[in-house]
Amino acid sequence: MGNFKGHALPGSFFLVAGLWWAGKASFWHVARRGRGTAPPLASRVVQRRLEILEASVTVAFSVIGMLAEQFVPDGPWLRLYNTEEQHWERLMNWQHATMYLFFALAGGVALAVHTTGSAPIALDRLLLAIAFFTEGFLFLYHLHGRAMLDVHVHQLLLYAVFGTALTAFLEMFLRGNLLLELLRAALSVLQGSWFWQIGFVLYPPGGLAKWDLMDHNNMMFITMCYCWHLALALLTVALVYCTVCWVARTRLRRTPSVEMGLLKTDRDLESEDEM
Amino acid sequence: MGNFKGHALPGSFFLVAGLWWAGKASFWHVARRGRGTAPPLASRVVQRRLEILEASVTVAFSVIGMLAEQFVPDGPWLRLYNTEEQHWERLMNWQHATMYLFFALAGGVALAVHTTGSAPIALDRLLLAIAFFTEGFLFLYHLHGRAMLDVHVHQLLLYAVFGTALTAFLEMFLRGNLLLELLRAALSVLQGSWFWQIGFVLYPPGGLAKWDLMDHNNMMFITMCYCWHLALALLTVALVYCTVCWVARTRLRRTPSVEMGLLKTDRDLESEDEM
Amino acid sequence: MGNFKGHALPGSFFLVAGLWWAGKASFWHVARRGRGTAPPLASRVVQRRLEILEASVTVAFSVIGMLAEQFVPDGPWLRLYNTEEQHWERLMNWQHATMYLFFALAGGVALAVHTTGSAPIALDRLLLAIAFFTEGFLFLYHLHGRAMLDVHVHQLLLYAVFGTALTAFLEMFLRGNLLLELLRAALSVLQGSWFWQIGFVLYPPGGLAKWDLMDHNNMMFITMCYCWHLALALLTVALVYCTVCWVARTRLRRTPSVEMGLLKTDRDLESEDEM
Amino acid sequence: MGNFKGHALPGSFFLVAGLWWAGKASFWHVARRGRGTAPPLASRVVQRRLEILEASVTVAFSVIGMLAEQFVPDGPWLRLYNTEEQHWERLMNWQHATMYLFFALAGGVALAVHTTGSAPIALDRLLLAIAFFTEGFLFLYHLHGRAMLDVHVHQLLLYAVFGTALTAFLEMFLRGNLLLELLRAALSVLQGSWFWQIGFVLYPPGGLAKWDLMDHNNMMFITMCYCWHLALALLTVALVYCTVCWVARTRLRRTPSVEMGLLKTDRDLESEDEM
């Protein structure tokens, strides 16, 4: 989807996913430490429900994305090879649909794991790592023969994508590590905001000046700009974490001490679940 | 072996190995969790016998492979250097025989480890990692001067090969981790099915149209196709896992509760063995 | 800052940081092992105060660095793009300011973590790893189109920079591992002394002969010279470690045995803090 | 030292080191498992003495190597820069001396660690990893402008060198892991035998035919030959392990059961030492 919207849309998805992950990880961390949050929310059932909700939304959006890539007016309409003219039909759309496919797989497996509980819970992180790895893998072989700056902005994207894949893979063995979860959230926010930046650079909307794609100074600026996005992503995640902590602490003060005992029991259940 | 059969044959081996590993890992996982399987099968003796069987088959097929590479009609017949014409004899066959050699080594060591028990049990994974690494290593320096698409399909293969090597190496330290075992199985299935794909692309059998090896669109399609193979491999392994779980659960219902106690004892022996 | 001072200044900072880290790690290691040091120093409060001091100094120097890069006479004065002449304003200064920004972030987060204690303590290492990674990342895309030796001396720098980032990342999971802390200190000393070396090679001060930047023998010498710097950095850190050990042991002999009991209590507090 | 002896000599050192490490690791593994070996040998004091012996020999040979590189007839005699003719003096010899320097450092630190016990015992592995890394690092920037096959045989060497460095680094955290120790031994044997192979290829001794350094088939053969060296190295280490096991078991049968109790106490001391 070589236009501004085609980069803004996935960018928004990754932004939302990053913010959601940051909020979720902060919330459970605070709940585990018993420093707050309302008891009914912190229970094991709620945690499972949230995971199922997240997985369902992932599957839904991925399937919608796959259908959209196939059935937009200039899409391939499930036709892969044009035998008359001897060429592949709209490979770009097929590639994007393949990316969505792996996120749909990750969502589906997460759904199965959290609904039935018949597989190790870390399976959802493994599939997430594979989904991000495949996304990066396809981008890697996607860039042949484009202009210098075009290649460069997509290469920078790969740092965030493969970084997320690596973090999710590490989480397979270190599940529940708050820092890895926040790092994954930050890298997802980075990827989201960088998609928007790519849109602005390659397809400047609304009469903005075009960028010179062969200028070396532009490349140097873009590299630095990527670091600013990273700093902003880190600050955003920090802000989410602080807000969650502050809200939880405020609500804790209002919770009478009698309920504190109940809260403890809930926490035990959770940490059991965490295993 | 630059023909269709020469790719289909090793491909079939890796497919079978992947399916076997997926089944074995799922079976022991289910047995360990005590959610089923017939008691006599789950015992320590059976586990050891299965490992010995697997190792023996690996050795047998590797030795057959080595002999076949040497003594096919146009093979080198153990002759390495042609001193008259001053050139190396059929280096390709020698290289393939070298690959088989390392799998034979891995099988032989696994046989020794599981028969005598006089070495740490993780040694079989180390040798497996080395066998896959060597396979990838030889492929890596194998591709000089071929057509673009030929190089590319073999490079894609390396992701599966080195991925399997890395997974087996991690298993050295995290033995019995179900997810790593399933990942290794999936990567082996991927390697097997991709060997078949290479055969179809480079040596289209039975009157199929030839591929243009220098077309950039073909390269983009093949990259995406590799991802589809990965998705299929993941689904295949998931299917094996679910089937094993379902069969085990069905048989458990028929097992009277008296035998459950015996089952527990078996499980203790196993987990001891697992160490 | 393409001159001698512009390399000597950051070099001195990294030298001081490395020496400080070596001293701090050695001191706490000795204190933990209870083989000396005066009791009041070893207490938990002091440890926290030292961390806060270190973080404050990091923030202060990083902010001063950012301001200096912006407001030196030939700096950009916060102007990023020159719309009249259509070019970016002094990208070098902006890049250096970006590097300082991440160290300021790392310092700020360390300050928050050690002051409030409302986040996992390992967060300071994660941010440190990100700060070093970003420094290396910007250097990596910084070198296009320079002379061979100029590129080479900066590439060598990257080994130390990415090495520090990797060590800090490992410390996230293995906090308090003396060897990793000393390795990080040594790599920081190496980076510092190498900055000085770069200054001497590219901008020889005070009438020293210029280096031929295209001579292959110079490149080979410089590579070897880098190894000597590494050896010196290792020796420096070893010297700091031995001095701290020796001082601590000397002072212990003078401590009466009555205070030894108190010391033990302090140590318990510390190791609790270490968690 | 661009001749046959200059490769055979270091090759022999690494061969001996690999065999020694294989024997040492096997011996302690067997002793720890209490399946034999004469009691007095297995004691803690002996283990420390062996480590000190190994470190002393390492230091001695490294210093001899450094002196030899400097004071051979056509060596640099400690002269680094020829100011009259404006060129560096014999950089090759200086580079080799630098490699020896790091092994001397590793030996010296191991000596200090095992003699005084005032530093974490894993420090010897860290320095060993750094020594091998530096060796590989210098080789990496050593190969500019040579013939194709010359570059290739040295590049293959790097797999063994960096592999040893990585294994030693992992041992920092997993000390006493038999498999890592045997892997390090095998990679060291591989490096040793490959040095001999390089000597035979580049400087064929005694009237052997010269190799065509630009022939692509020679490159393919050499790559395969490297795998054969790896297989031989693995078999050599396996042979050493089996011999040690067999000897230990034979001697155990002759040890009366009364001494078995004493043996147990020794083992406890050892495993304590292992920590």
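Each chain gets a letter, A, B, C and D, in the order it is written, and its residues are counted from 1.
Basically, contacts are C-beta pairs under 8 Å (C-beta built on N, C-alpha and C of every residue); 3 or more make two chains touch, one makes a residue touch a chain.
The model shown is predicted, which means the values in this text are computed figures rather than measured ones.
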item: Distance-maximising chain from chain C - centres being C-alpha averages; value: B
item: Interface numbering overlap (same over half, different under half) for chain C and chain D; value: different
item: CA centroid of chain A to CA centroid of chain D, Å; value: 46
item: Intercentroid distance (Cα basis), chain C paired with chain A, Å; value: 32
item: Residue numbers on chain A that touch chain C, as the complex places them; value: 159, 174, 178-179, 183, 216-221, 223-224, 227-228, 230-231, 234, 238, 241, 245
item: Residues of chain B that touch chain D when the two form their complex; value: 87-88, 91, 94-95, 98, 101-102, 105, 109, 118-120, 122-123, 126-127, 130, 134, 137-138, 141-142, 144-145, 172-173
